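Data first, discussion second: the structure below is written as structure tokens.
Just so it is clear, A, B, C and D label the chains in written order, and each chain counts residues from 1 on its own.
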Amino acid sequence: MSRWEQIKQDFPIFNSSKNSDLTYLDSAATSQKPKCVIDAVREFYENYNSNVHRGIYGISETATDMYEKSRENVSSFIGSSHANQLVFLRNTTEALNLLSYTMGRNLVSGDEILISIMEHHSNIVPWQFLEEKGIKVNYTDITADGKLDMEDFRRKLSPRTRIVSLTHVSNLLGTINPLVDIGRMVHDNDSIFIVDGAQSTPHMKVNVQDLDCDFFAFSGHKMLGPSGIGVLYGKEDMLESMHPFLGGGEMIRTVTTSGSTWNDVPLKFEAGTPNIEGAIGLSAAVDYLRGIGMENVRNHEKDLIEYTLKMEEEYAIPDMVSYGPKNTDIRGGVYSFNIGEIPPMDMDEKFRENGVMIGSSVHPHDISTSLDAGNVAVRSGHHCAMPLNHRLGVVATSRASYYVYNTREDIEKLFDQLEKIRKVYDLGR
Amino acid sequence: MSRWEQIKQDFPIFNSSKNSDLTYLDSAATSQKPKCVIDAVREFYENYNSNVHRGIYGISETATDMYEKSRENVSSFIGSSHANQLVFLRNTTEALNLLSYTMGRNLVSGDEILISIMEHHSNIVPWQFLEEKGIKVNYTDITADGKLDMEDFRRKLSPRTRIVSLTHVSNLLGTINPLVDIGRMVHDNDSIFIVDGAQSTPHMKVNVQDLDCDFFAFSGHKMLGPSGIGVLYGKEDMLESMHPFLGGGEMIRTVTTSGSTWNDVPLKFEAGTPNIEGAIGLSAAVDYLRGIGMENVRNHEKDLIEYTLKMEEEYAIPDMVSYGPKNTDIRGGVYSFNIGEIPPMDMDEKFRENGVMIGSSVHPHDISTSLDAGNVAVRSGHHCAMPLNHRLGVVATSRASYYVYNTREDIEKLFDQLEKIRKVYDLGR
Amino acid sequence: MILEDEERMEFIMDHYRHPHNFGTMENPTEEITEYNPVCGDAVKVSILIKDNMVQDIRFVGRGCSISQAAASILTDEVKGKSMEELRNMTEKEHLDRIGIRLGPSREKCAILSFNALRKMLDNYGGE
Amino acid sequence: MILEDEERMEFIMDHYRHPHNFGTMENPTEEITEYNPVCGDAVKVSILIKDNMVQDIRFVGRGCSISQAAASILTDEVKGKSMEELRNMTEKEHLDRIGIRLGPSREKCAILSFNALRKMLDNYGGE
């Protein structure tokens, strides 16, 4: 057994009697959980379950300790200099909304926020919420090969740009963005630099100090951890100067009827009972990933995407198109593709003329469903990136995305099936 | 074995080798988890783990189905007429903040919000956030025996009162508030009626239609479910007319660079990947509670609090005081107490005069720590209700709170230990 | 969606490859375009009603096999029916007619044409 | 907090029942009140410094056994020490002197008096 086949054995779902022979190619949506993570959650429930922070009895002190050690562990995993820069939240989405609500308080009409057209909805909609205050959201375009258009970026980075928020890795194209260079430009422009790390943290070594970003957001469920737990990293002085987001228990120092004062960071941003077992499970996931080594994870996925592009050429399925950079040095393990044209809704002239515009295309929905019949799980749809789909001239794509439990055989299986599906659906019109 | 002793066997923590003979009296902070809940979470990880809503392959459709069935199950548990009135969030705190942020948009300077002095910080601080907009937060007082002062309430319910937000059961006093009557007054006043159900839902039959509240919030972790999952119930028309709270994946219908449109309720309020296993675990907890019967849960806890008040009289520990109504018809299974005077910080004259003001009191911290030495877990502190502590003339209390796994023996153990502690700490000054 | 039933799947693919009642109409009584911007599925349905009966029904569309086959199957079913019969048709009956088990995501594809029909009936006031 | 060490606990309770250096001072060099509004623990510490040495130190306070005993223990330790020795004292040494294992919540009680001392040193500019 190869190393990666052995790793796959650590994931109970692949031995589940409920799913015979699952080929899971949807890790960009959410990852599977290794046994050590599942056990960490169970062991907490069975031995130490109690609320954190306020208890003065044994198990509650142990629970608090486990929760705070998890924070330290995750903090060092992303290269943060101190654990109090790490806020536990539900997910990337909540982290970016926290920023939009709190930083948004300081923005005024005419201020600008610069994002990109390849962002996930989580890094678009929260900023659009601020438009009603007269704040403008600008979108950096992409190049033909799926990279950030740096010229366009420079053009759009203006003196009014107060915030730049970019994804580290695109969840549709797989593009790894050159954030170290970008960060320098952003700070030279005196703008705040926010990174959506949802697709990088699980798949490569991340160091927030090297990135020199002000904020960095990611989700536990995409990196072998539980769902319901996510992280916002923020530079300490930033977090300290910000208004709190949610009010309630634990985030306060004092509450009186004439006003309240706030706890120290990061607790200031953790109102109410947190997802305790979520944090503990995420910490177990981080230990597991560290055991493999993030460089190895990255190299493995790079191998898989290289192999994918090679298979694409070899199979040469008619009308098959794929998206994202071909240079695998800047490409994560994400493979989005279509068979034939899947135009967006407003390109409907042809539809009006002569009816069914399916030609030789296979709708992504049909691809997913047909692959599922062969136990291959890929995602089809807009992948929460409608503006990017629109930019690519499609309404949807199918996407295979990889992680530590995937192997080259999975990719062969994918292309074998796609070839068959193409034949079944070929309408020859 | 009695029925309740049998029930205790369903909770692995009481057989954990890590905690010998734990007497857990802190369920108002968080509850223990029965085996069926722990198993539900694990089984999801091992067989169906995948993201919800957007997948078109087998396990993702199963996961979506399990998630939505959990919503239906929890919905019917609280008597909601339709599952789409149930939003899954992290906890009660997030639910109340969601309301403060979204409803707060419609309030103007001079508008009033009426809460009470017995609220948890979660139902205070989010409303205080709105004070900077010129909105006034009013606090209904309590009576000497720990009930809502209804005369004061009527006085403070004004034509400018736009929102009334009250706890169903006090987490410190145990008071069960007469919300059906109050709700009628609130609606007659054309105010919106919000109920903090964090301490009622776990312990008694709740029916949101009988309460006729507009919103109802509670947390999974206090009702045998996982942490990181909570619920906001809202009347459908209310939820539909509200602005979204967090923006991102799944809560949208369409996203373009010129604006976005929202998904139907409740998904409109569930941005990003939710706590999937949390919802599934909560649903298992609801099944378990239904199996016991919520009337039985309530009666059991009523018996325990009655027994507690009886023990209090029998033991007659010198200087011991307890808080909350003595009428157990309106009293949940919560017992807050002090030994001697534990005055709040601004009552410090005596401290200045002649030093250590400990007299015959035992600080709540010392009570918790000493009880812990005998494996009895109670909470000591302000219980996230500082204004109420202040109102009671104390800075902190110790609190024993009960649930289905507690028995009369636990209470005997508590008082045995308290009697001993009182002797050790008696300073006789 | 379960594809174990090959025969039924062949039936769907047949409707997809060779849709019935495909095309547009000159003077329809009602005409409506239903679409799902999320996946790009779209159907335009035209209906001709006379004497309280569906004289003719046609559709054009684009999208996945389920959305297009469902439209084809539905238009077959509807032709010649009375307004009353149409009003009594349920979503469940429509899904049963398709006859393969669809997951929640694919059901949305299948009911697109059914929703179009429903809306046309709502718009249609009678003669 | 682990109470298994009964002897040590007796030591704490002794300091709590009969605190050393208890009281106020007429003309202290520095005086400070530290308190934790969350649990009501409070200590007022007064210090008299001469020739760069702690001539006298006293405290009054209220709160739990740990916060008060810790103040008593600390004042014992500090008396007669030089400014430099004081500046080199660490929080860890202070906690070790108390000598029972405290959980994170109770540590806050224990370091209240230590924090008071730290702040007085910061305020004290020298003679």
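For this structure, a couple of remarks:
In this section, a residue touches a chain if its C-beta (ideal position, glycine included) is under 8 Å from a C-beta of that chain, and two chains touch if they have at least 3 such contacts.
In this text, all values refer to a predicted model and were calculated from it rather than measured experimentally.
Mean C-alpha positions place chain A and chain C at a centre distance of 38 Å. Between the Cα centres of chain C and chain D there is a gap of 81 Å. One simple way to say how far apart two chains are is to compare their mean CA positions; for chain B and chain C this gives 49 Å. Along chain C, residues 1, 37-38, 105-106 each make contact with two or more other chains. For chain A, residues that reach two or more other chains under the stated contact definition are 54-56, 254, 365, 369, 372, 381.
Contact topology of the protein chains: irregular, matching none of line, ring, star or complete.
Listed by label, the pairs of touching chains are A-B, A-C, A-D, B-C, B-D.
On the side of chain C, the complex with chain A involves touching residues 1, 3-4, 13, 17, 19, 22-24, 35, 37-42, 44, 60-66, 68, 105-106, 109.
Those residues of chain D whose C-beta lies close enough to touch chain A in the complex are 1, 37-38, 103-106.
Contact residues on chain A toward chain C in their complex (touch as defined above): 342-345, 348, 351-352, 354-358, 363-366, 369-370, 372-373, 381-382, 395-396, 424-425, 427. By the touch criterion given at the top, residues 53-56, 61, 64-65, 68, 253-254 of chain A touch chain D in their complex. Every residue of chain B that touches chain A in the complex is listed here, in rising order: 12-13, 16, 18-19, 22, 24, 26, 29-30, 32-33, 37-38, 41-42, 45-51, 54-60, 90-94, 96-97, 100-101, 117, 120-122, 124-126, 128-129, 131, 137, 139, 219, 221, 226-230, 245-252, 254-257, 259-260, 271-278, 365, 368-369, 371-372, 375-381, 384, 386-387, 390.
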